[in-house]
Every structure is written in structure tokens, then in C-alpha cells.
Amino acid sequence: MGVIATPDRSPGSVVSQVSPNWLTTRVDFLVNWARSNSMWPMPFGTACCAIEFMAAAASRYDIARFGMERMSFSPRQADVLICAGRLPFKLAPVIRRIYDQMPQPKWVISMGACASTGGIFDNYAMVQGIDTVVPVDVYVPGCPPRPEGLLYGILLLQKKIRGETLADPSIRIEQTLDEHGLRLSPERIDELSEPFGNSLHQTRSA
Amino acid sequence: MNPSADALERHFGSAIRRVTESCGDTIVYVELGRLREILAWLKDTPDQAYIYLVDVTAVEYREPERPLEVVYELFAFSRKVGLRVKAELPKDQPLEVDSMVPLWAGANWLEREVYDMFGITFRGHPDLRRILMWETYAEGYPLRKDFPLRGRFSRSEQVRQALNANPEAHYSLEELGIAESYQELPADMRGRLARGERGQIAEPKGGA
Amino acid sequence: MAEKRTLDVALGTTGVDERGLPVTVPLGFEVPDAGAVEEAPEVGGEHMLLNMGPQHPATHGVLRLVVELDGEVVIRVIPHVGYLHSGFEKLGEYRHYNQIVPLTDRMDYLAPMANNVCLAMAAEKLMGIAITERCKVLRVIACEISRIISHLVWLGTTGIDIGAITPFLWMFQEREKFYNLQEAWTGARLTTSLTRVGGLMADIPDGFEDGLRATCRSLLGVMAEVDRVLTRNGVWVGRTQGIGVLTAEEATNMSMSGAMLRASGVDYDVRKDRPYLDYETYDFEVPIGEHGDVYDRYLVRFEEVLQSVRILDQALDRLPDGPINVADHRVILPPKHAAMTDMESMIHHFKQVMEGVPAPVGEAYFSLESPKGELGYYFVSDGTAKPVRWRVRPPAFINLSALSKMAQGHLLSDLIAINASVDIVMGEVDR
């Protein structure tokens, strides 16, 4: 149900000179165990998915089981930015700024179809996927995804975190933006935003 | 048919262009120049008493030669009847209407939205700024029929403009009607405000 | 000691400049022809401009509030909306009437079935379709369930804003029970897309009626507990009484609707004053407040939940048998087995799916009492299957415009309580 995205590795990334050994793998295990089991989410809830996120945080589905009950509304103290809901263009600089304000290590979960690809809103107002603005680690499809779906996405993210290693600092490098503030090339953004499926048929007004 | 339509025709004569009924609703088309007068009469006359403004919106038809219409939906609590008043705005003239904010304070945000979506300006509106799109939005007026569904610019250009729009930097003059904090603003913002500019988004280098 | 003053600049729009933007009056101490400036501004005062949002836990979605503060006292608050503008009304012009139903779920996502019902009824008004009796009662059930779940969220989140965190979990637990019912009926917990023009997507499943009665009983128990915890609680009363007062004249003039209007003493409920779905035959009361403060809005919404349970009981008792869809298959899809076997049904199915149902030339405005207020849909049709204009009269948007009036002179923490009492859902505010 969730998709793990590979990080955008900028060219020239420096891989540490320390080769992985027994000690680094033990340290990795400890660090990743701590990080994955106590992720503090930054709920960037915009629309309907935010309600399902709240339901996931409530008694029945309870993300406190996964160490995530401490919602951090300040990005400075958050680990994972959960973009729950659609992202209009007016909100794009806001999520970019909030993402920039989060300290490393940080991850992003794109919850819902609108955050992942623009969803049913293929129009002038909607960002066609938050990955055109911030790098995403896990995409959770659904409209809205059930709380179980979000939990699966969280588990996938935990699995991803457990697979990280301190020996490779490139995964924690902040991606540089070009002079316009874009993280991807314009051609790539246009390619990601291409309409597909039923969007192709909505060109005629009458 | 709502009896207010007859009362309007008797009182305003030729300023009432036509009266129609559609799906049980009474619609009155009025002359644009006398719109404020007519709506004030409907609101203030005791036996009309349309004290509740339900909605202000605009309609553009698919046929390009048809004028735009600005639509006022009214309701009278005392008699529990509604009325729709419309005025036509030909497209070859500037799209301007008198603001109804002096009559109903609820028209404030509703008219701002009509301005944002259609480009119709409201004379006398206390704070006519875009409300749903950001203030420096450059693509146009989204609900016009010549505005394509996905907007005029490419997606990457839209993302670029959105990321550079920085809505928090454009405080309205009402917000900054505080002379005291003028000194604390950044220098470029002070310059911008002193010149009355809304700020520009830099053109993309090398074209986009 | 001199009074602290702020500089008021008259902003009459004098026209439009060459870029099509309204002419602005430059900020300066010599403002030409402004008219409203009588004295030189006070130098040395200390007002703070605070920006709350658009990402903020207390703003109930992506709302940005720019607050001018004199210490803790709010001098002025200016809400900025549009951070969730999704272009719904534009999208509606590219969709058949039935294809707009899923769009409506996503506007007021706390009460999706009410939006669905409003859309179907507006389209039926436009097309002149009369629905079946069973469909009417089921739509009443859908509307009242939506009212209950929306008010439960409102209570929970308002409690959190004011400091009472426990009711939030109780409310969400009750909502889960309603979500079970919604899911059994429509297949989705939140984005229900329940209605179709001329009927519903599906009839209620077995066990729905018993489940709904049981849920209503448990809900009444939880509401009694919330009542014990909040209604005469000194902290709650102290934080909500006298806060954010809106008089009846102000509320009417500002086009308020729903609990915002009724808490100020104006007796206007679309179910009573412009009845639809046979609401005039149901026995229920509409709570009207007196003082127009946050506490009255709490009492009004609380009582509305209890009245909704009353209506649900009556609706379940009177639920007639029969079809949920109209018999006219030019308007609504025929049953699948007929479409697979009977040529005429197959053609109806094909035409509706491929071309949509054309509406006659005309226009219709239909409003219903959504939990947020008067939700109205205005359709203009040119004879095709896609509307020329779909206008959503958003109660939350209009109610929010009163925020600056209500919050003047209160403390910052009261601003949070007032903002919560407006009961906004940004999907509807921004559309």
C-alpha cells in the first residue's frame, strides 16, 4: 500500500571513508532503533486526510503504539513531516519553509493521493504531488487512506529508517535548491505533473 | 413568482430589465448603474425586508458574446422568501460594480472572492484584494472561461511562482496601518510599501 | 498618559492600474487624499504584529491569522484564507452532475453526506426530479448523521483549544461508531459519495438500522458525560462566557448562518424556514441562544446533537420500504442486471456513463442546513450535462469573516476560543 521512494542523491556525494564493520553496524542498529521507534510527527494536515490522521492518533488506531503520539507542531522538534491532505500552490512555500526548518534526520510521509500526485485536483490551484517541492520518503495512497493504511506507511518508514547507516552521510545531506527554489529540474517537475488516467479526459468543459 | 418582482417593476420601472423564474426561483435582472439603489430599497423597505444577504457571485457563460452576470441572492427572514438579483456586465467594458459592503457587511469577503475569481472590481470596497489565490498571482482570474483548467503556465513555472510568491511578505495596508511598526520592518519592505508596490516575482532566467 | 492609537488608512478602491490590480495607497506619513487620517500617528506605541499559521495547531486547518496585539489584547485580527483553495468550482464545470458528488465530499470533509445530499437535491431541483419516499428518509438520516459527527469533531477540537483534551478522544471514539455505519453503507469512512441525482448509490445494508439505534444510545451516554464535564465547569464557563459576542443585527448583517446565527438569537434554520426532505413533518426543536458568545454556541451545538438523535429515531421509525432511486432510467443508472440483459437499460447506462444526464437550460439555488450553517449550491445550466457554473455558498467562509469583529478587545487566548467557536472547515472555506 505504501511505496518506498529512493532518495535523490545529488552527484558528488561523499561516502564516508569508514568501511562498515561490526561496531558501526551495532551503532547503526541502536541509532536506527531509537529513531524509528520514537519518531515525532509534524502533522502538516491540510484537508480530509488530516481527519483520518486524527483518527489514527485517536483511541481506536492509536499511533502511540509506534511512539508517535507526541505531535510536534513546531518543526524544530519534529522528525517526520506527514503531509496529510492536498497542497495548493499557495501553501507550497509554507511546506517548503517548514521542511527547511526541520533539523536532520528528517523524513517525509506523503499521505493521501493529493499529497502524492495531486489526486483528483488536476487544476490550476493544486501542486501535483508534494515531491515537486519536498523530498518524500513514503507515499501512502488512498483518498483518504484508512488509518491502517497510514500505519502501514509508518511501518514502511520505520523499516526504511532501520536500513539506514551512519557510514553513509549522503542520505542526511540537505538537498540543494536551484536559484528559483526548485528541488527538481523544470522538465522533471513537468514530467511528474503530467496528467494521467481520468485526468486526460477532463479537458472538455461541455 | 415572488411578489417582490412586481413591486420592483412598479417602483423602478425600466431599471428592471427582465424578470424570469427558473426551478421555482424568481430572478430579477436590473440595470447595472442602479444596482446599489435597488438592493438598498430591497433591504430597507419594510415590506421587502431582504435583510439577509445569502450570497454574492458571478456567472460567465460558455458563449463568449454573453455578458458576465453578477448575482445577489437575498432572503427575507420575516416572510421566508428568497430573491435573486442579477446585473449584466458586458465584456467590452471594464468589469466594475458598486460594492454592497455598506449595505451588508457579509458582502466583504464574498465580493473579494468574486474579484479573485472573475476580475470584477467593486467600487467602494474597503479592502479589495485577492482572497483565495495569493496577491501576486499572475495567471489571471481562474473562473473565467478563457482560463484553462490547469492554468496558463507550465507546472514547473507554477511551482516556481508559488515558491517565490511568499504570501507572508505582503501584509495588507490595513494590517500595517500601524505606524509604529513601520520602523521595524525590513528595509526592502518599507521601500515597497512607501512606493505602494505589491512586489514582483522575478522572471525566470533563460525563459521557462 | 496618551492613548495608543493606530493609523487608519482609508482604502477605498479608486480604480485599477495598468496591470489590472487595484490602485493601492502607499503607506507613508503624508497620505494624499486618504480622508480618514486626522492626526499624526502616535510615535512610541508598542503594538505587536503576530502571525499565526497557516500551520498552527489551533487554527483548525490552514488558516493564517495576522493579529495586532497590545500586550495580550487583540486590537485587530485579519484572517487570511485560500491556503486550501483547490479549484472545486472550476472542476465542477468539467464534470457531469454525478461526477461532482465525489468532489463535494472533500469540501466539508467533516460532514460529507450532507454535502452529497445538497448536491443531489440541487441537481434534482434543476432537473425537476422528485425522489422516492424511502430516499427522502434515508437522506434525512444521512444529513443528521453528518450533523452529529461534525459537531462531535467541533466539540473535541474546541475542547483541545480551550484545554479540555479528554473529550476529544471520547468524541473520536463515538465518531468511529458512526464511521462504521458510513462504511457499511457507502464503502468509505469519510469520502462517502452517497447520493446520485435521483437517488442514492446504495440502500442501507442489513443491520444498519439496529446499528444506528445502538450508536445513538451510546452517543447519548457520552454526551451526558461531556455535559457533566463541561457545561457547568468553572474553567469552561469562564473561558467561553462573554467571549466573542455577536449581536443579532451584526450576525444577520454579516450573513452568518447555522449556530453562529442562532446563538446570537436569530431564529433561522433552513430545515424550518425553507424545508426540504419533509423536515416540516419531523418533530424537533431548534436551539436558539441569547448572548451570542462562545458559550451559547457550545450550548446550541450540543443541543443540536441531541435534537439530531431525536430526528434519527423518528426517521428510523418511519423508514418506508420501496425503491431508493426514481423509476426514470434516463436520469439514474438502471440496476446492473437489467443493464446486462435489457437493451434499453443498456443504452440508458451507456448514455449516462459516457455523456451524463443533461439538465434543462436554467438555474437553481438549493440550500440546506449543514452543520456549519446554510450550505447552498447554485447551478447554472446551458442544457448540457456539465454545469456552466457551480457555485458553493460556503457557510464556513462567511462565518469566518466575522472573526475580526468578534475578537476585537479580547485576549489572545480568547481569540483561539472564538476561532474554534466559528466551526470552520478549511476545505469549505477555501474550496
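A, B and C are the chain letters, set down in written order, and residue numbers restart from 1 in every chain.
Going forward, a residue touches a chain if its C-beta (ideal position, glycine included) is under 8 Å from a C-beta of that chain, and two chains touch if they have at least 3 such contacts.
What you are looking at is a predicted structure, and each value in this text was computed from that prediction instead of being measured.
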Farthest chain relative to subunit B (centres taken as mean CA coordinates): A
Chain closest to the middle [Cα centroid of all protein chains]: C
Where subunit A and subunit B are represented by their mean Cα positions, the distance between them in whole Å: 38
CA centroid of subunit B to CA centroid of subunit C, Å: 21
Geometric centre distance via CA averages, subunit C-subunit A, whole Å: 30
Junction residues of subunit B - those touching two or more other chains: 62, 132-134, 142, 147, 149, 167
Subunit A, residues touching no fewer than two other chains: 90, 123-125, 202-203, 205-206
Per-residue multi-chain contacts in subunit C, two or more chains: 82, 85, 87, 90-91, 94, 382, 430
Touch list for subunit B against partner subunit C, complex: 22-25, 27, 51-55, 57, 59-62, 71, 73, 77, 80, 82, 84, 94, 104-110, 113, 117, 119, 121-134, 142-143, 147, 149, 167-168, 171-182, 193-198
Residues of subunit A touching subunit B in the complex: 89-90, 92-93, 96, 122-125, 127-128, 132-133, 179-182, 185-187, 189-190, 192-193, 195, 202-203, 205-206
Subunit A-facing residues of subunit B, complex: 62, 132-134, 139, 142, 145, 147-151, 154-167, 204-205, 208
Subunit A residues touching subunit C - in the complex, by the definition given at the top: 44-48, 50-52, 54-55, 58-60, 71, 73, 85-86, 88, 90-91, 94, 98, 120-121, 123-126, 143-144, 146, 202-206
Of all residues in subunit C, those that touch subunit A in their complex: 54-57, 61-62, 82-87, 90-91, 93-95, 102-103, 105-106, 109-110, 153, 168-169, 172-173, 175-176, 179, 189-191, 382, 384, 386, 426-427, 430
